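Below you'll find a set of structures to go through.
Okay, so chain A shows up in both of these, paired with chain B first and chain C after.
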Partner chain A sequence: MIYFEILLSVFLGLATFLITFLSFYLFIRKIWRRAYLKWDRMIDMLLRKAIFFHEGNNGQLTSIPITRRLKDNLNNRRFSNRLVKKIILAKRNVSGQYGDNLRQLYIQLGLDKKALRLLESRKWHLQAYAIQQIGTMGLKEHLARVYRYTNCKNNLIRMEAQIAVLNLIGFEGLRFLDIISYQITDWQQIRLLKELSTVPQTELTGIDKWLSSENASVTIFALKLARNYRRYELYENIVSCLDHNNPNVRKQAIATLTDIYVENTSEVLLARFERETYQNQIAIMNAIAVIGDVQNVSTLLSYLDTEKAQMKFAVARAIINGNKTGLECLVNDQRSKTYPLIDMIPQLKTEIR
Partner chain B sequence: MSWQSFLVDIFTYGLLAYSVSLLSCYLLFAGFSIGEIRNYLRKNSFTDYGVLAGSTQAPSISILAPAYNEGANIIENVRSLLSINYTNLEVIIINDGSKDDSLAKLIEAYHLYKADFFIDGQIETKEVKGVYRSRKIVYKKLIVVDKQNGGKADALNVGINVSNNNYIVCIDVDCILEQDAILKLAKPFLENTKERVIATGGVIRIANSCIVENGRLLKVKLPRQFLPRVQTLEYIRAFLLGRMAWSRLNGLLLISGAFGAFDKDIVIKCGGYNHKTVGEDMELVVRMRRYMQENRIPHKVSFIPDPLCWTEAPSTFKILGRQRNRWTRGTIETLQMHKIMFLNPKYGILGMLSYPYWLFFEFLAPLVEFFGFIAFIIFACFGLIQWSFFFGLLLFIFSFGFLYSVFAILMEVFTYNQYKTNKNLLLLILTAFLEPLIFHPFVVWSAVKGNIDLLRKKNSWGEMTRQGFTKEKVQQ
Partner chain C sequence: MRVLIAEDDELMLRIVEFRLKKDGHEVVLARDGNDALQKVEDYEPDLIISDVMMPYRSGLEIVAAVKEKHQTPIIILSGMGHEDMVLEAFRLGADDYLTKPFSPSELSVRIKRFGVVKR
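Here is the complex of A and B:
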């Protein structure tokens, strides 16, 4: 019985402690919220002033006037964090002279030095935050330090460093693909492509090298780059990826060839059809349906003998779109009078381009 | 020592050992979830979901929403789904043989026509009467399937057969989704290179008393009624603490049927939803995981703590009882179907940890509690134990339950803080105090009834009448 009483007291004591802690936290948060409102007004005013700040007569940026109150608040960690977040957000939304002004403000307030100190932190999220700041604020002088992290063991640090180098030096930053030993996740590839779409278009070199990278994710990313930037001169390199031992690379190569194709691309894909995985076979048929230019429909017709309806549907679509006489050939084929082709054809007819 | 007191001692200490094990599990959940949520929030602060929204590289997703007699709100609900910001998306509404005018309303509102549509019947289902598409380009994402009534699992299977995309998101048509819900749910599928993510789930919250307009959540409010409010607390505890902890251990066995995303390829390989159980959501996840384990494919079921989906909770004891009865039957059926996994090292953490936990602490807990309670009353009446001991034990359990709920409230305040005012938090704490006295005994009783109904071979869903969401008052 005594044990129950002890445990009961412990639990109720803990619950009371948690409720007291919660009340205290809510009280403190209320105070913070008031402070945040005041700080937000102060920061917004500063950012407005900085964005529309004019250069001095000699064309050089003079320092942006900063109030004493703001300077005093800079020693407050919460204020400083809030300020950095707002500057970063603003910097992402403006460019040109306005962006340069924000960068000037960031440096003038010594926030770059704070970021460099964070970079030395042992905590991964703080390091990643520092890298994000350096990248967004365009602190090119720290490129070498950031670049070192592009192959870091920690996922988040590595990802932020890769984005940061693109922010700092654009397409040239992709040279981390030469050395990266970790896989680039699909999510990171989407981010990198998005980031590249915002940097000035300069000469993009190295894709050929990355297409033959030992890191499969680098090859996949290179294939996406070739597709996005329509690099027709890499056609042969892309075709060689169709013989890669990783099925995901081959699948991406098929997708890339859907956009970068020549006269005989459909035949090139068809030649590899039988030795492909099921998913890649579907991808080939989908690609042929887009590319067209199939010389010999009979090869495609022979693939209709599959048991799988999904494949049959993809092949039928490829036949119809792959050749001008495709629909006629398909309709004249005896198999089209039976299920499931008889049900597929009406839908496919509505899709004819 | 008489044999009676010997038996009572065995029973008492056995029950005590069971309680201590269960409470230890809860403490471990609390610990694990803190770490998992902290990591998630830190990583999430670097995430710009807008990148995914407009990307053509984003995974293609089909939303599957079965509808049965939803005519009253179907137009708004579909509009809400169509407004989701995601590029590679199709919305499939499956009219599961509704007896009302759901289909007619959809045809009229979205300019639908019966289209020539081949359905690849990879999963066996009831007959599909027709597939409808819109004449308007603005609704090109929408596909409406009309089928014979076959239940939720069958309707979802039809949706899987009709779907053209790589991932499926299964939802209840009356759920309110956050605008970025699909983006958040899609991201885990893109993040892993070592393990294949086969399913993702997110936090479901209670929408009773919240203000909803045109299928969108305008204002979050704590439910005014006691029952939905206590379920709010229950959901916070289950999702923020329980599921996050299991996610960290990669031992999740359940993605809620109201909102979850799945890798379609694996779903089809596993044969889709099982319509022979009322717990089709849990059964599918267990079967998918079992398939992956048996084929030695490294995999993960991911869970994110963001509130992504809002649903209406039962507000009467009658409806709540039916729901909990069904949940109990679903759990038992799933555990029965996959009993091979129990303490089987071949299934890794699923067999050694997740399955035993569900068996001992999700399925057995209400039974142990119910029969233990009755036994203790009998023992006390016959003087085999002291009444003070009985009440001491009861208070011990009560105080732990209260402590755990308060901790969950604290986690909610530290993380998403949906119920911002002090009044709401006070109400939640008061609810946490009352829950073990009113709500919990009822839930235990419903679970016991679920066991009895299962023995009687009852396999119906039970009618789930909804009251509808609160709409914003029009300003005069």
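Here is the complex of A and C:
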């Protein structure tokens, strides 16, 4: 009986504690939510005012008017963080004078100085955040401080620094490719290419040097640059990448040659077919399907004997799409009457370009 | 002109709204894809400005759905400026494509280009 009473007391005590704790937690959360809502409204209004500052101002005001309440709130770390996040987001979305106004606001509020202090922090995530801010806000005067992080051993700091230099000086920022010793991940390459698509295009030099870089990821990225910006004058350099010892570089070179090719490119690719890895052989067939011609048909027909269905399909597709008489050649071949080609051909017919 | 803005980012929505109201347009706001399609039926806007990445339905789905029934011009306003995405938008029937970061003044000029009958 005594045990039961003790257990009941413990249970009731715990339940009371939990209910009190949860009520307190929900109450505090509600208060914060209200504060955040109020802050968001205040920040949105300020950003709207800042973005369109030059339109309503006939040169009378040199600085964006800021309310005292907002200035007071700036001392609050949470408010300040929220403001920085929103300014950065807005700056990424608007350009021209509208973007410059946001930059002015950022400097006017002294947020650039805070970012520079974060850059000196020992915590990597704060350093990365500071670099991101400097890049997005276009604080070119701090380029040298950001540039030295483009080959930083910390992956995230390095990634942010590489993006930031592109934001700051555009294509010229790609000079970090001359010196980096770390690999550029696929994800980072996508981010860099996306960032480059938003900066004004200028004469891009140095791709030839990067194509022969000792860092394989730099070579792959250079191949992507050559492809995206249609650098036909680099054709020979791209072909020489087909002999690179890294299969991923060779695969990217094959993909690039699908867009930058000359009359005999398909023959150049087929000449390397036998010594390539399986994945690269598939890549070659995909390339031939785009750039192939009638002269490749006899060679391609000899590859149809493969046991692998994926390869058989890729070869058949290359034969059909590579030239106008491809379908006829394939249908006339005895192997096309047997499985699996007999099933593949109807589908391939629908893909004829 | 009555313009529907479909955008899930509140700040962007307000920036575009502010610009369009300043230009004298009547503005209808939608914060996700479903909301946008509903408001196309309810308000019959003269022009639609839509983001691509939105909850429930993407901007491209909106273009396809709207162009099936209406001739309303659509401007895509997106951070995704990749060639494939732009071509896909035009293939589905988008009338213009503006990539972020964008200039609100440029958006104004592009809207004027459509010269839709004013209400």
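Operating definition for what follows: the second predicted complex is superposed on the first by the 317 of 353 C-alpha atoms of A that agree within 3 Å, B and C clash if a C-alpha of one lies under 4 Å from a C-alpha of the other, contacts with A are read in each partner's own complex, and residues count from 1 in each chain.
In this text, a residue touches a chain if its C-beta (ideal position, glycine included) is under 8 Å from a C-beta of that chain, and two chains touch if they have at least 3 such contacts.
Quick caveat, the model's predicted, so the values are computed rather than measured.
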Partner chain in contact with A:Trp187 - chain B first, chain C second, else both or neither: first
First (chain B), second (chain C), both or neither touched by A:Leu37: neither
Partner chain(s) touched by A:Ser217 [first = chain B, second = chain C, both, neither]: first
Touching partner for A:Leu22 - first (chain B), second (chain C), both, neither: first
Contacts of A:Leu8 with chain B and chain C, given as first, second, both or neither: first
Partner chain in contact with A:Ile179 - chain B first, chain C second, else both or neither: neither
Touching partner for A:Ala271 - first (chain B), second (chain C), both, neither: neither
Touching partner for A:Val331 - first (chain B), second (chain C), both, neither: neither
Shared chain A surface residues [contacts with chain B and with chain C]: 194
Contact set on chain A toward chain C in their complex: 40, 44, 47-48, 51-52, 55, 86, 89-99, 194, 197-198
Contact footprint of chain A on chain C as seen in their complex: 9-12, 14-15, 18-19, 22, 79, 81-82, 99-106
Touch list for chain A against partner chain B, complex: 1, 4-5, 7-8, 11-12, 14-15, 18-19, 21-22, 25-26, 125, 128-129, 132, 156, 159-160, 183, 185-187, 189-191, 193-194, 217, 224, 279, 309-310, 313, 340, 343-344, 346-347, 349-350
Residues of chain B defined as touching chain A within the complex: 42-43, 45-46, 48, 51-52, 55, 57-59, 115-118, 120-122, 187, 189-193, 265, 386, 388-389, 392-393, 395-396, 399-400, 402-403, 406-407, 409-410, 413-414, 422, 425, 429
